[in-house]
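What follows is a set of structures for review.
Both of the next two complexes hold chain A, though its partner changes from chain B to chain C.
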Partner chain A sequence: MSALLSDQVRRWSRDDTVRTWARLAPALVLVGVLFGGAVWSASSRSLGVGAIGSPGPSLDAYRRLLGDPEFWPSVALTTHVAVTSTLLSVALGVGAALLLRRVHFGRRSLTTLFQFNLPIPHVIGAVAILLLLGQSGFISRLTAGLGWTAAPADFPALLYDPYAVGVIVQYVWKEVPFVGIVALAILRAAGDDLETAAATLGASAWQRFRFVTLPVLLPGVLSTAIIVFAFSFGTFEVPLLLGASYPAVLPVLAHQRYTDVDLANRPEAMALAVVVTLIVIVVVLVGAALARRAVRRAGA
Partner chain B sequence: MSMLWTRTPTPRSTIGSPPVAPSSPEAGRQPAPPATPTGRLGPAAADGEGGDRGGTDHSGTDHSGTDRGGTDHSGTDHSGTDRGGAGTTVAAAALVGLLLLPFLPLVLASLSQGYFHPQLLPETWSLRAWRLVLAPGAGTWVALRDSLVVAAGVTLVSLVVAVPAGRVLGTRSFRGRRAVEVVLLLPVLVPGIAVAIGLHVTFLRLGLAGTLPGVVLVHLVPATPYVVLLSAGVFANADLGLEDQARTLGANRRQVAWSVTRPLVAPGLAVAALFGFLVSWGQYATTLVVGGGRVVTLPILLFASAAGGDTAVTAATALVHALPAVALLVATARILGRDVPTLGGAR
Partner chain C sequence: MAGGPDPRDWPAVLAAADGTTVDLHMWGGSTEINAFVDEVYGPALAELGVELNRVPVADTADAVNVVLGELEAGRTDPGSGVIDLIWLNGENFATMRQADALLASGWAEHLPNAAFVDWDDPAVAFDAGRPVAFTTSPWGSAQFQFVADTARTAPQELPRSYAELAEWIRANPGRFTYPAPPAFHGTRFLTQWFHELDGDPDAWVEAFDEDRYTEVAEELFALLEELAPALWRGGATYPNEIADLDRLFANGEVDLTFTQLPAGIGANIDAGVLPATARPFVFDTGTIGDHHYLAIPVNATDPAAAMVFADLVLDPVRQAIKLDPANGWGDGIAVSPDRLDTEQREAIDAVTAGLGDQAVPPAELEAVRTSNPGAELTVRLEADWDRRIRQGRTG
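The block that comes next holds the complex of A and B.
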């Protein structure tokens, strides 16, 4: 019996499929249990399952959420922050990559310095932007020194403002190097043979960019854009420090409802967590599908 | 939060693999057989030409500068990416300066006393904030310790599970691979606050809320996928055929692992580990919820200070928090610089 069993085990261990999954298992189980557990717990609690004295599954929390006067403004603000941050980061990041690639003198040190923000945690970025863009911040002092503004109040309110300018600036500041480094890596891997060939054939600078460089960049840059969107959509500490208090972005709203003294708001917090998770998943999957189609169409 | 892994062997990789660049255009054109350096690791990956030296398969990124002077007699610029002159350098320097600008007020504020509008430079320079922040018994030290302990735990656990998984993902194609990549990507992309709220109640019940192990566990959600996917890139670009050669020559399993595989992948895995560390190092929302105010890491301390504290102390705390991250990035760049072939695949 045991001989039979060990024989079976030996056969398995030679089996490639078994070996593959056995090696993946620790990572998948760890992530699956923690992430899956979080999603499961939030969803079941948002449906009122497991709560003390709960009559059973219900959509009450979602109904309350949709009736919450802050919910839709919060959706709009979060989308605005994520979309604007993504578009600006991608445009500026790609631009930065194209610029850095052309640098001849000091390219190496400039590229290294360009990456400086990558490891900097968001809280630090938020504090730095606070000291930079606040009405009595560094830029405001510069404009005062130049005589453009007389008092802090003359400087435009870029923090705690309805358009979340400070939050977006922080995100762009942090993500431009990310997009830029990805774009640089792609460009470098591709080399510039094709561009040179296009130039030889008489393509203008714009034509070279549109028909050669852009198709090369597109797949990687679109994936990066999806990632930047997800990051800026899930932002928490940055708007908490630099954003207006009403409406709050969805992650901040979820935390407010979760830590509310009124525990009755907890299911709504769970519902918010579920909604935020679903939005990100849908955007990522749909975005990836669209990106693939765009790449095919670009004839890359 | 932001740097991805390298090429994986299957050309159609997933959604979120930017440098992987479902590499249709590049792959066909790269003459070099083994690893096309389609995508490289985040930082230092693209630092100028440095890494390319010694690479034989590089299709001339660096040639155009010389080409122009030499072969191009027609007077028009036929180089696809003509190298700019001093103007380009100035523009790039301005861009980099703009990105570094936010650190300036941070440094100035940390060295000041009563640094008010409209002073551009502090009227009174002072080390007061630094003395407070670095005083023995200051909260900074506890926060630094907790941050280090948590990040070290996260790094260790994620690396242990990432090495076997990364090897499989980096070297094999199998059914379900795409699903695995999606399962690994979602936790990175789903907002941390949602994950933390979901886990918190369960952690309360298990006694993990408000503890260092609880915080390590919640940090593992975003950190592990990074380390796994970066490790996959490392294995994808390592010349593991050498293992077979060693085996043919009679090396046993342990000898192969220690003398062949380890030197091939160690630098890359070190970088992967550093990223795991950095992901944990920057976590705020997850620590706030699961730590419940009892685990005070540097981000928590910094935020509390920023939300209602002494600006100079906040600035100094921010710099203390930033320093290890920057040091790690420099270390990463050096590892990559020394051992580019492993990661860049430019063998």
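The block that comes next holds the complex of A and C.
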């Protein structure tokens, strides 16, 4: 009898597994074909396979890349842009969510206003930043008009600057609401019960945040941070519009190599794309492991 | 003919094109040019039974990459490509030739309207220093010019050579910059400076002298390094492209910008991109003139329709319409006035007579026009600029 029952259970769970995979199949095929195909094609071309005018498979493109004096400054700048944007977006996004949760009057309209820029494309955002923060932009004219600066051009250089301030401002502007709505959703799902319980047990505001709210938020916010990092590490249109000529971030460098007149530079562009992909994959794996640990801790 | 329709039998080409669509991939950054192509060529093609599908691309190199990608994927047969016609010149042409990606049957020589083109003119027959060899058909022409705002800079203060420009930059620190090569206008600006120091632009069209290059380039880049601190932003960064420089100019951050339009900047002024008091001018020591072309990829699906389009745009009356900025473009002509009849020539003269001071007079442009050098020189200049100026390395 019990053997029969356990057989039945095993069959159910197997059916479940099959059904789950069947449901996942369309998404997996899409990712497999589009992402996998692109990575495969980029990797093979970075090795000179199937590229026009290539003498044959070799690691030359990677060797040239590592020997290129712009490569390491570019890695450093790209990492700086991605890490700084992610940290600022998470801090401001979570902070805004914590504040928004406490607002009672007009919370709905405030939340809508907070999410206002989510559907705006990054390129449009970048152009807006250009018009706002450029040395001939709106703010520089305003400060000159108010007499704070002698001329619009005396406004500090926030665009095309070596620290990529303009690029980071654009990413943060765009990602804060994204982090915010995720954090807000987690906080709403968790409710106030745990914090109320902690408060009745005499926990201070800081203790409630540190030992109750933060562990609840951490897994979801970590995943969001990974998405923000991967995005800001791998996109090229914003730094292309707002970044300095030198050094350029890795994706811009890849685009420059790819559109170079000399076809011999195309394998290098592909090698750069592979390097960016590998770095992002490593960060995603590490981040996912951290998020799993955070879930276990929060559950414990 | 080695593949593709044979334009010597033009009725057969017209018959093959009837009922097909020409997929024209072209830089789509100018609303005026896009509208011009749709409104002037679209209806004329429709009368011949050809539909125009204009595909705007952000950068011609993107269209080139589509073709190269197709060829790399083995789609090399005629009829397997998505592009019938690309608007290109210079380095993109060199790339396509390097990859053997262009229909090389010599088709451009035998288009009916090719009779109006002076193929003996090196400015037509060579593109980026490579013989065109009838693999592309000319569409229009352009010449590099400088633009200043007469409200800010008096005509007698304007530099008339690169030597004077260097003095001007020293005297007006922070008021000048140029788009970073390999942006088109940046490379042209740099190449012309090289030409002035070297003294013989024609020597670089088909040949490349390594020793002479090293000597002149050293002089040029030493000068650029010396001048960099007196540029906009102290030379720490450069505009990405001409649109950025135009914006800096219009906002009063810099005092000079560039244009390529032989019929002048009237259209840019009307569009509000340049101030109403802006005027073009040239250096006495020469500015580069060149042509831009239409090319058919080797794997095009409707090459006959592509040839019909390439022929249509060379019609002298349509060339005159294109030259007139009032029609939205103001592009230079690709046909030779010597080969036109009186009526056709008058149509073109009437346009140039009405350009006013928003254009440099055609005779003055002609007098200072210099040759576009071979790809080897521009590629080397771009690479050295990247190393010494953008990255600031001397090694």
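To be clear about the criterion, the second predicted complex is superposed on the first by the 258 of 300 C-alpha atoms of A that agree within 3 Å, B and C clash if a C-alpha of one lies under 4 Å from a C-alpha of the other, contacts with A are read in each partner's own complex, and residues count from 1 in each chain.
Following the convention adopted for this analysis, contacts are C-beta pairs under 8 Å (C-beta built on N, C-alpha and C of every residue); 3 or more make two chains touch, one makes a residue touch a chain.
Computed from a prediction, not measured in an experiment: that's the story for all the values here.
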A:Val261 in the overlay: touching chain B, chain C, both, or neither? Say first, second, both or neither. second
Once chain A of both complexes is superposed, is A:Ala76 in touch with chain B (first), chain C (second), both, or neither? neither
On the A-aligned overlay, A:Ser136 touches which partner chain: chain B = first, chain C = second, or both, or neither? both
Touching A:Leu290 in the superposition: chain B (first), chain C (second), both, neither? neither
Classify the contacts of A:Leu66 with the two partner chains as first (chain B alone), second (chain C alone), both, or neither. neither
Between chain B and chain C, whom does A:Ala144 touch in the aligned arrangement: first, second, both, or neither? first
Per the contact definition in the header, classify A:Ala91: touching chain B only (first), chain C only (second), both, or neither. neither
Quick one: chain B or chain C, who's touching more of chain A? B
Once the structures are superposed on A, label A:Pro152 by its partner contacts, choosing first (chain B), second (chain C), both or neither. both
Which superposed partner A:Ile181 touches (first chain B, second chain C, both, neither): first
Identify the residues of chain A that lie in both the chain B contact region and the chain C contact region. 45, 136, 152, 240-241, 258
Tell me, which parts of chain C touch chain A in their complex? 59, 61-62, 65, 68, 71-72, 91-92, 94-95, 98-99, 174, 180, 182, 233, 236-238, 240, 247-248, 251-253, 375, 379, 390-393
So in the complex, which bits of chain A are touching chain C? 45, 50-53, 69-70, 135-136, 152-153, 157, 160-162, 240-241, 244-247, 258-263
Residues of chain A that touch chain B when the two form their complex: 16-17, 20, 23-24, 26-28, 30-32, 34-35, 37-42, 45, 96, 99-132, 136-138, 140-142, 144-145, 152, 173-178, 181-182, 184-186, 188-200, 208, 212, 215-216, 219-221, 223-224, 226-227, 230-231, 233-237, 240-241, 251-252, 254-255, 258, 269-270, 272-274, 276-277, 280-281, 284-285, 287-288, 291-292, 295, 300
